[in-house]
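A single structure is presented below for examination.
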Amino acid sequence: MIPDDEFIKNPSVPGPTAMEVRCLIMCLAEPGKNDVAVDVGCGTGGVTLELAGRVRRVYAIDRNPEAISTTEMNLQRHGLGDNVTLMEGDAPEVLGEIPDIDIAVVGGSGGELQQILRIIKDKLKPGGRIIVTAILLETKFEAMECLRDLGFDVNITELNIARGRALDRGTMMVSRNPVALIYTGVSHENKD
Amino acid sequence: MIPDDEFIKNPSVPGPTAMEVRCLIMCLAEPGKNDVAVDVGCGTGGVTLELAGRVRRVYAIDRNPEAISTTEMNLQRHGLGDNVTLMEGDAPEVLGEIPDIDIAVVGGSGGELQQILRIIKDKLKPGGRIIVTAILLETKFEAMECLRDLGFDVNITELNIARGRALDRGTMMVSRNPVALIYTGVSHENKD
Amino acid sequence: MIPDDEFIKNPSVPGPTAMEVRCLIMCLAEPGKNDVAVDVGCGTGGVTLELAGRVRRVYAIDRNPEAISTTEMNLQRHGLGDNVTLMEGDAPEVLGEIPDIDIAVVGGSGGELQQILRIIKDKLKPGGRIIVTAILLETKFEAMECLRDLGFDVNITELNIARGRALDRGTMMVSRNPVALIYTGVSHENKD
Amino acid sequence: MIPDDEFIKNPSVPGPTAMEVRCLIMCLAEPGKNDVAVDVGCGTGGVTLELAGRVRRVYAIDRNPEAISTTEMNLQRHGLGDNVTLMEGDAPEVLGEIPDIDIAVVGGSGGELQQILRIIKDKLKPGGRIIVTAILLETKFEAMECLRDLGFDVNITELNIARGRALDRGTMMVSRNPVALIYTGVSHENKD
């Protein structure tokens, strides 16, 4: 896993997702060498870079041009990117241009989560996995509701992470903000 | 409970202790109108002010002169302080000058936690309560060990608090750093 | 604060609310000696008992008859209850029978949270406080949405509490399930 | 990552370590195909199985014979184990029999953590990684102190995990007990 402090950051771009969270996303995504993945709301590129080292092709989408350029710089810095397609634009439109996918990670949705998840469902190959990362209360609820409405078994795990910081007088535990991962098991429709 | 943002702050003084933590400290301290309390490491004055409104007398100790003056300003701002004695100096020395106590809250110890707790034990009236707030891993361990060595039943509760922050796109949960409260039940020695 | 283990429990009744959470509820409720309070979904009676010792009158509502009888037993056990009216029934109906209130704590809503909060708003005196405790993701979202729609400034605080348990080999930290408190500031409508 | 509920469990054996924690352990351990790893206090076998699928050889140690047999059953169940050496006995003794290692995961220490870490340090190849999982307050402190005394840069990360449980009325968040991972960066001695 790439350490958080080895990413180039841009104050107008969120991320990178904390190492511990990227780690769990990769566990849940079960990336395979022939998989096709999409990272919706790629931000700083944290998830895109992890996927790039593990799957055949990654589509990284963000409507913020600075997110696209920051992700690009981070890919270069870590010698990754040959298998990454960077796509600037609104996810619901841009998603129409990509092929079917095995893995979808949704880290940012610009208020269009339901539409995004509906398109992702249509493009998801049998056995595919969807993972939504949520820091907003509303996103946790909407992602659960929407994925359930789309026929998936849905799980949610919330992570509260605190890291030790060495001070002169001892080790202070410093909290990260809580992050929830909402992720799919098998789709009930796909089961038929 | 006084809201966190109604305290005057000083960048070189820690605190105030989060409202939710002060709230639990007050529950555990069970302040009575005739009680005498000490706040060791009073910092910004968060705990001192809460005690001041509930007990007969509070001794607020800090070796940082800016903490003493910040606590003083906060007492004035909230119309409290008539029953508060501010004492600048190292706790092990200054504690020698105060009378017996019903409540001791130790929020800062300057590396002298064991010595402080030993003196507090000697000054603690029967049925008195000791509460140590700890943000350092080492303090959690030392407070537990030391209070147990002094013959107390010791409890520890750790609080991870996240508060919602309203953003345009929703409610982001923002974590406070974890705080542990180590507090005494009945002293085994006192039982005899 | 009454310790958790001093409540009579009934396996078919939830509660009592953890001491640390009751403590924060009391801080947010700011109970006054002349206040009238309602506890919707009183369960084991944890919140009802705390309110009973602090306000003029408490209305404790639950549609589960065993919750009502458990709360009654706990009131008796702690010498409280003279100022408590126990009301068995569905909250939206029963709430119609009580006078105006200063404090409303909603710990259980039986799927009727929106209706309950609308009635509570109508009965809330100027400066009154509403506190919803939520352990379900959906309740957190709905309470926020609904109170906001009713014109209130709404806050949410989530508590993750771990308590030490003494084992032979050391102190194991044991987590309580996360609880969120959704609570009102000033109502925008009342401001006018 | 193997789901928690796909492990055979034994009431007298702790574990398996939660999937999310195993996931982070694997991230920190950075297992390579030619690596040699030891799992001290293998319990149910959660970490041993994950290592078995990723490294050349795993030594799984536990002084509880039922832990050894439970780990063995889990290895068989998941078609793993060809590269695992199960060793029943006290870790300080048994560790003397294994070759040098790239990865050490210490999940249980039977009160002999310092001795175990000292031996592990002697057997650790350059660039090797040590990860201690701690659920006891005392273990967190001791692991930090001891690894620091042995000359390592030490990090600590604490995980509070809550998983959604689907109920009729909504999604209840259910907490796991907090787990800390204490892990090494570069050893200062090795730097010379």
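Per-chain numbering from 1; labels A, B, C and D assigned in written order.
To be clear about the criterion, a contact is a pair of C-beta atoms (placed from the backbone, for glycine too) under 8 Å apart; a residue touches a chain by one contact, two chains touch by 3 or more.
These numbers were taken from a predicted model, which means no experiment stands behind them.
> Farthest from chain D in C-alpha centre terms, which chain would that be?
Centre of mass proxy via C-alpha means gives C as farthest from chain D.
> Higher C-beta contact count, A-B or B-D?
Taking the two pairs in turn, the one with more contacts turns out to be A-B.
> Rounded to the nearest whole Å, what is the centre-to-centre distance of chain B and chain D, using the mean of the C-alpha atoms as each centre?
Distance between chain centres: 37 Å.
> How many angstrom lie between the centres of chain A and chain B, each centre taken as the mean Cα position?
42
> Among the residues of chain B, pick out those that touch two or more other chains and give their numbers.
Residue numbers touching two or more other chains: 137-138, 144, 156, 158, 160, 162, 164, 171, 173, 178.
> Which part of chain D faces chain C closely enough to touch in the complex?
Checking each residue of chain D against chain C gives 111, 135-139, 160, 162, 164, 167, 169-178.
> Any idea which chain A residues touch chain C in the complex?
137-138, 140-141, 144, 156, 158, 160, 178
> So in the complex, which bits of chain A are touching chain D?
Checking each residue of chain A against chain D gives 1, 19-20, 23-24, 26-27, 144, 155-164, 171, 173.
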